[in-house]
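Chain naming follows the written order as A, B, C, D, E and F, and within any one chain the residues start at number 1.
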Amino acid sequence: MSIGKIAELQPGQKVVGRFLVARKELREARTGKKFLDLTLMDQSGRRVVARVWEDAESVAEGFEQGSVVAVEGATETFRNELQLRLEQVRFVPSEEADPREFLPQSAKDIDALEKELAEVVKSVGNEHLRELLLSFFRDDAFRERFRTAPGAKTLHHAYVGGLCEHTAEVVELCTKVAEMFPDLDRDLLLTGAILHDVGKTEELTWQTAFDYSDAGQLLGHLALGERMVRSRADRIEGFPEELKLRLSHMILSHHGTADFGSPKLPMTAEAIALHHAEDLDAKVNMFLSQIRAAREQGRQWTERHFLLKRALYVGEAEQSEPPSEDAGDAD
Amino acid sequence: MSIGKIAELQPGQKVVGRFLVARKELREARTGKKFLDLTLMDQSGRRVVARVWEDAESVAEGFEQGSVVAVEGATETFRNELQLRLEQVRFVPSEEADPREFLPQSAKDIDALEKELAEVVKSVGNEHLRELLLSFFRDDAFRERFRTAPGAKTLHHAYVGGLCEHTAEVVELCTKVAEMFPDLDRDLLLTGAILHDVGKTEELTWQTAFDYSDAGQLLGHLALGERMVRSRADRIEGFPEELKLRLSHMILSHHGTADFGSPKLPMTAEAIALHHAEDLDAKVNMFLSQIRAAREQGRQWTERHFLLKRALYVGEAEQSEPPSEDAGDAD
Amino acid sequence: MSIGKIAELQPGQKVVGRFLVARKELREARTGKKFLDLTLMDQSGRRVVARVWEDAESVAEGFEQGSVVAVEGATETFRNELQLRLEQVRFVPSEEADPREFLPQSAKDIDALEKELAEVVKSVGNEHLRELLLSFFRDDAFRERFRTAPGAKTLHHAYVGGLCEHTAEVVELCTKVAEMFPDLDRDLLLTGAILHDVGKTEELTWQTAFDYSDAGQLLGHLALGERMVRSRADRIEGFPEELKLRLSHMILSHHGTADFGSPKLPMTAEAIALHHAEDLDAKVNMFLSQIRAAREQGRQWTERHFLLKRALYVGEAEQSEPPSEDAGDAD
Amino acid sequence: MSIGKIAELQPGQKVVGRFLVARKELREARTGKKFLDLTLMDQSGRRVVARVWEDAESVAEGFEQGSVVAVEGATETFRNELQLRLEQVRFVPSEEADPREFLPQSAKDIDALEKELAEVVKSVGNEHLRELLLSFFRDDAFRERFRTAPGAKTLHHAYVGGLCEHTAEVVELCTKVAEMFPDLDRDLLLTGAILHDVGKTEELTWQTAFDYSDAGQLLGHLALGERMVRSRADRIEGFPEELKLRLSHMILSHHGTADFGSPKLPMTAEAIALHHAEDLDAKVNMFLSQIRAAREQGRQWTERHFLLKRALYVGEAEQSEPPSEDAGDAD
Amino acid sequence: MSIGKIAELQPGQKVVGRFLVARKELREARTGKKFLDLTLMDQSGRRVVARVWEDAESVAEGFEQGSVVAVEGATETFRNELQLRLEQVRFVPSEEADPREFLPQSAKDIDALEKELAEVVKSVGNEHLRELLLSFFRDDAFRERFRTAPGAKTLHHAYVGGLCEHTAEVVELCTKVAEMFPDLDRDLLLTGAILHDVGKTEELTWQTAFDYSDAGQLLGHLALGERMVRSRADRIEGFPEELKLRLSHMILSHHGTADFGSPKLPMTAEAIALHHAEDLDAKVNMFLSQIRAAREQGRQWTERHFLLKRALYVGEAEQSEPPSEDAGDAD
Amino acid sequence: MSIGKIAELQPGQKVVGRFLVARKELREARTGKKFLDLTLMDQSGRRVVARVWEDAESVAEGFEQGSVVAVEGATETFRNELQLRLEQVRFVPSEEADPREFLPQSAKDIDALEKELAEVVKSVGNEHLRELLLSFFRDDAFRERFRTAPGAKTLHHAYVGGLCEHTAEVVELCTKVAEMFPDLDRDLLLTGAILHDVGKTEELTWQTAFDYSDAGQLLGHLALGERMVRSRADRIEGFPEELKLRLSHMILSHHGTADFGSPKLPMTAEAIALHHAEDLDAKVNMFLSQIRAAREQGRQWTERHFLLKRALYVGEAEQSEPPSEDAGDAD
């Protein structure tokens, strides 16, 4: 019994396979009949709604949200969405199938990235800022969340380890920017770069799928992150008030404009540098992953992207004529 | 020696009078000469730049920012602004002239408003919320700031006591709204109404003039207020997490849209009710004070308002007198 | 033969039931064949397209738009929409099934609301305004439309009696606002509140479904309402011109901004108060009805709303801690 | 005693000349002293504030708003504006100086334009529309206002007769458009073109200066014009309802977008044609008058225009003279 | 074997017919299996995706993109889109079925339009501009593209010959505008009108369907057209620099605003006149074609248009009153 | 006779000094009298209007726009602007005073920057791109303009050599970005970085002041630069069409959005990377120069910036010196 592929489901098809239970609710139909309402996920991160109508209550006791289950059933179309109607749902113990394998993973070595960040932390000369950074990274609960969190729900770095990867890239860019502009306060800029998205460890959930927590939806990672940083800074003796203020400002303003959720525009040189470095990294990653996926499908243009409001140009990756050795250069 | 009236200054005029020192800087001209650069304020809240060129350093030692001073000098025009060039600046001790009198004051009885709010606090049934409110109002330092803070720098309730007045009005409106819509959580709505602008006690400064603090400019009263509320709620045992979340969300979202600085749109019924009640109160106050001022000047229309982007209609004739039978015509 | 439930239709299903004919057109297919193109509605207000291909012309003679019909047929999918292909369509006389029952109804007592409004009318001191109000409510044709009109096509108060309900709520809020701000002209504000949406009696149609009339689409209820009010005021002798102007302005500007269809921004204190009171009432109603519906389905968040551009937070209906008996209230 | 030229006033200068009284208010200074507050206008349409402090009350009795006066006094600067402080103000009877000469005039022959429009009215085949047009133009009070009204306060056709001139141009364009697109309803389009701005006869005032009436500010010429057209159409027997609706829609939507004050977007072919023809005429006139004025001052670019948000290119040299061989280079 | 009609395809249906191959890709499924991925078009311009799974590679050799093919297969639904699964695909030689017939055609006589434009070219007095125009129209390759290009991909004049038709209409309007405003440089305005959209001959492709070229997507017809005009003008001796500049500016700015892709706002009178004339023509054409199509379907309103963001009013095709013979005209 | 300082001009003051003639026009007053209308500039780049009324015509013959002149006269205020009324104007030959010295200069070593760029050019592996770059830098006329052009008229790098400095910084950032993202085409990205602003050599003028050329105003540096790059690429044999397209697209889209003048959004990964790198460099430079200037004036906040729409935070005190024990407080 192989792992199911949601992308390949067709209407009117039998389905046998293993999925992760991303959501599980025991509900009551209008007729009063109980049914089990599930969202199943495969390893690509795709999801499908599935329903169990027979013995829903006893079936529901056999597994939890976050479990892997082996199912049998069939597809059906409901209000223009493909769904599953399940006949059987069997719990698969985690020794047999690890739920974490159902989430997409970073291709980078997270240990190595963490070490890089640790080197940067060491290089921060201002002792208050360095102590603040260490208070985060010496907290194992935080570290574990920081290492595994995705960079976003869907837009960029949307995989386990993505937050760490994105942070390391922004730090690398800011290191360059600090070198180019000696008037910038390097310690402050790098501290801001490392901490700018720590709020995502509370904004997002990624146990069984990538989603927003309630706090994430209602407050957002800017406010959550600012609070995390501030409350740790408040516990460090002698931490200058103005430095706290500058750091809080960098976190709250790093989306750059009100439209993207920053309650304040960047008003310091370090804040504007952080915003642009962050934006550059996010956007280049979005573009490259969109283009890569389209190229694999042999397309010349990507689909129009709902947020970027444009299609991206892939170009003639494999040119129609036989490519010469240096075709890559020509492209 | 009477208090000076900045509104009446004319070019090329001798000036003798008392003013509040709203800003004081000892600066160096390009030629190397030291001069004292002041901003003086009168009781209307109007301000004028004034400069002392003779013995600037010794004069500067005679008083502080926030002092009342008696000055002699003359007006001069510099880059299209009227300024003062001062010959004499003498410190006036506060027994002789109270600096607080130089700030505009609420026309309401602040003690009475505070009692009204205290009654509302008592009526809050949810013990966590009530305890939270009491933790604010039993803190004398906070209470003092809350009682004296203006409601805004310039736009509405811009006078000592204005925050208290605005808060009481929003609470009165929300009481009505809670009565009309029983599905709303009255305790939560009123708690949010009372606390929605507490961040203004840190965003604004009003010792010697109404202005933004640095923290106010860089973080804003939404983030500052949410932090104040959250940190007090965190110290109350058993305060439900979801309730904290709903309250933080109300404070962060109460400006209603990103354009007005809310990082999140209101997403609960109490949050949307608070936003609209707050907006109604602020706007009606702005309109009434603009119209009142224009009517006193015998105008039919107000000046175009930079933020409202419109002139307001005052209309014909006076109406405060008892209307005669055909008052309708005059209206 | 029971009333059909459109929400429960499934692909590939036989259908037998009664529906209201919300639209009826006899059309010609490209092949030249005549067919009957219907929109059927059930009591929930949901609609489905249905087609009759056999003997379309003679079937069409058996009933009118607005009739209740008993149908037999089957579902089919056409361009991703579920439709009905009908074999039989039989007219059901209104004694047997009242077409009005197919529209959603206000849960409030409309007679009582009307009496409340009548009391407010009596309390209006300005005789011209009072006479204007009476000219509306003594006109039985208007009253009948006003009592039955929905408050909007879909967004808020979208049920028979909704306009009356919404108006009464806005009046209640404005009564409070007038009490809080004595500088407001209470008579004018309440008159504006009562009349602000009278144009909806011409903008909307609700005989067989809630929709826009052609005049509603092309002119909107602001222009339609202003015309209704103005033409009645013009017939009242001695009605002051400025008062007409202020009232017309309130109606045209009550949506607050150009984006929401007001050709002029509110420029009087009564106009801004009306706008905000109206907006508060509409938005709180939208939020509460969205949240209520989602809570009934056991959801923690509503669907994203196309106009509000957000999902709303419902919260943990069954709280994680053991709830006390009245936990629901506290939430 | 020549007519004064406001554009040539300098600070610290004696002034003797004749001006039109565009505004006259007897006011009270804060000290209780009465003063006369005037706005004077010269024939270029420029205005200056002037004040009389001596015997203000008796001086005020000598003339009315709209009179021409002969003044003596001096310039003074007040809050960065040049003002006049008048010693003498003497009434000049209209035989001696006609107040109408103080307003800018159309360069076109208004009688001829009116005749052109009358020909177009005759060519309208639909009798209801023709009767509607005649009801306007046979009303002498309307005709007089229509002939003399400016096309706008400042933006385009801002001179006596400008409305008539603008209307004739829009009609000429629409005649062409109707000829090019036979699917358009020519009668309706031309009727809309003739009537589209009749509301300006009530929106603007031009007795002593070009300004907005109160009704103009509060309702705008779209709503005012639609009411004028509708109330006349309502008095014509048998005027089809749909035709009234289409015409009302054209007038309300002719500004094209909500941002420019149309409560509804154009939704008929005649409405969109009218909008674009009207916009073309207004914009080309604005461009040409800006460019002409700048060319007369020997400039290569106009000043940045506050509404167009751009400077316009005038270009090099004169071109009206017969070009020499190398005229191309000069262009 | 008749030409297929894509609009009539139903789920679960056999399909036999001829279509144009608008796109042809040989792709590899995730399993490694090769399949042929086609987009087929019928003469209405509608398109459907079709796939060949059997012998995809050899089938692919039988025809090219742009060929007409005779197919046999069946419809299937894939991710909510109707598709074809083809069993047979046979090449149809162009003698038997002309691919050009699969594209919609202008209803106008293109030869006649071209002659009209040639007359206008002759009437251009400025020899440099006339020479420039001739350099385009004496270039047969350009002329052929210009005669056949559509006016846009979908929005207006979307048929073979549409560019020529649109250009002729804009020229006709500009001729009128030049006559009305003698201050406009007629030669320049008409040259701009004729050349304003020549970039569309490179932006669009219309061999087998209307689409954007890669250059069209990445640069747009404004930049492409400006380059075409400029490079020809550069080859004409003595062409004045300022005239080149004015013409380039007209082409780059003719969309009127940044939102519609103009990198510069119109800043000359000829540029603003061209923009408005072009917009009028495009919009009136869009409105008329939408309304015409809806009227043919017996509808009173068009569907909401994604770009116009509104539905258009068609009106009561069959009027409630008995229509006279020419009722259509009156409507 | 020293160089005049415009910033220090006061009303009612004698003026003796040397200035650059940034504009020179011989004009005619309304009275018919000829006068000389000048704009003078000092070395700070500040400008003042100056007028010569005596012997204007003969004075005008003594010097040209771009000359340095020695003047004597006095300040006067005209319509709220300080002006000069000159009694004497004497030409100063360039041996005595170099006009170039009146322009602000880059603080960087332009020769060194050019060498850096030359190294980058050498590192470009793609021979077509390298040849294109060399075609620019081997053109001495271009090189001279490129070395001396400012980076913008006022916003950032507004000094002689600024374009070169800005380009070198963008190249440095892109080098880093290319290293971080190996999927990016490094050769293309660096070529785009080097050439992205070459259009500024035609958009701006900087002989006697920084201003826009007519072509700059009417076409902009994006269109001008794309044309420069394209016409050189067209002359390189075998330059792949797709590569030209990608490069043109990068230049046209590098402002990122329509609002900032890009007719197309970035649609390739290299284009988005270039846009963000360019934006980062421009914004960080703007922030740092604003903050530096304000700090020199001892201010805690900069003035509100018209384009950034915000004031920037400077903060307390100097920090570059070794902080004392209580530096935290001072910070």
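Note that contacts are C-beta pairs under 8 Å (C-beta built on N, C-alpha and C of every residue); 3 or more make two chains touch, one makes a residue touch a chain.
This one's a predicted model, so the numbers in the text were calculated from it and none came from an experiment.
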Neighbouring chains shared between subunit C and subunit F, ordered by label: A, B, D, E
Check: chain pair from A-B, C-D or B-F whose contacts match over half of those in B-D is B-F
Centre to centre, by mean C-alpha position, how many angstrom separate subunit A and subunit F? 41
How big is the gap, in whole Å, between where the Cα atoms of subunit A centre and where those of subunit D centre? 59
Where subunit F touches two or more other chains, by residue: 80, 214, 217-218, 242, 246, 249, 267-268, 311, 313, 315
Give every touching pair of chains, nothing left out. A-B, A-C, A-E, A-F, B-C, B-D, B-F, C-D, C-E, D-E, D-F, E-F
For the complex, which residues does subunit B have touching subunit A? 214-215, 217-220, 222-223, 226-227, 230-231, 242, 245-246, 248-249, 252, 258-259, 261-264, 267-268
Complex contacts: residues of subunit D adjacent to subunit B: 25, 27, 77-78, 80, 214, 217-218
Spell out the residues on subunit E that touch subunit D in their complex, using ranges where they run on. 126, 128, 169, 172-173, 176-177, 180-181, 183-185, 238-240, 242-243, 246, 249, 265, 267-269, 272-273, 276-277, 279-280, 283-284, 287-288, 291-292, 308-313, 315-316, 319, 321, 329-331
Can you list the subunit D residues touching subunit F in their complex? 10-11, 80, 297-298, 300-301, 311, 313, 315
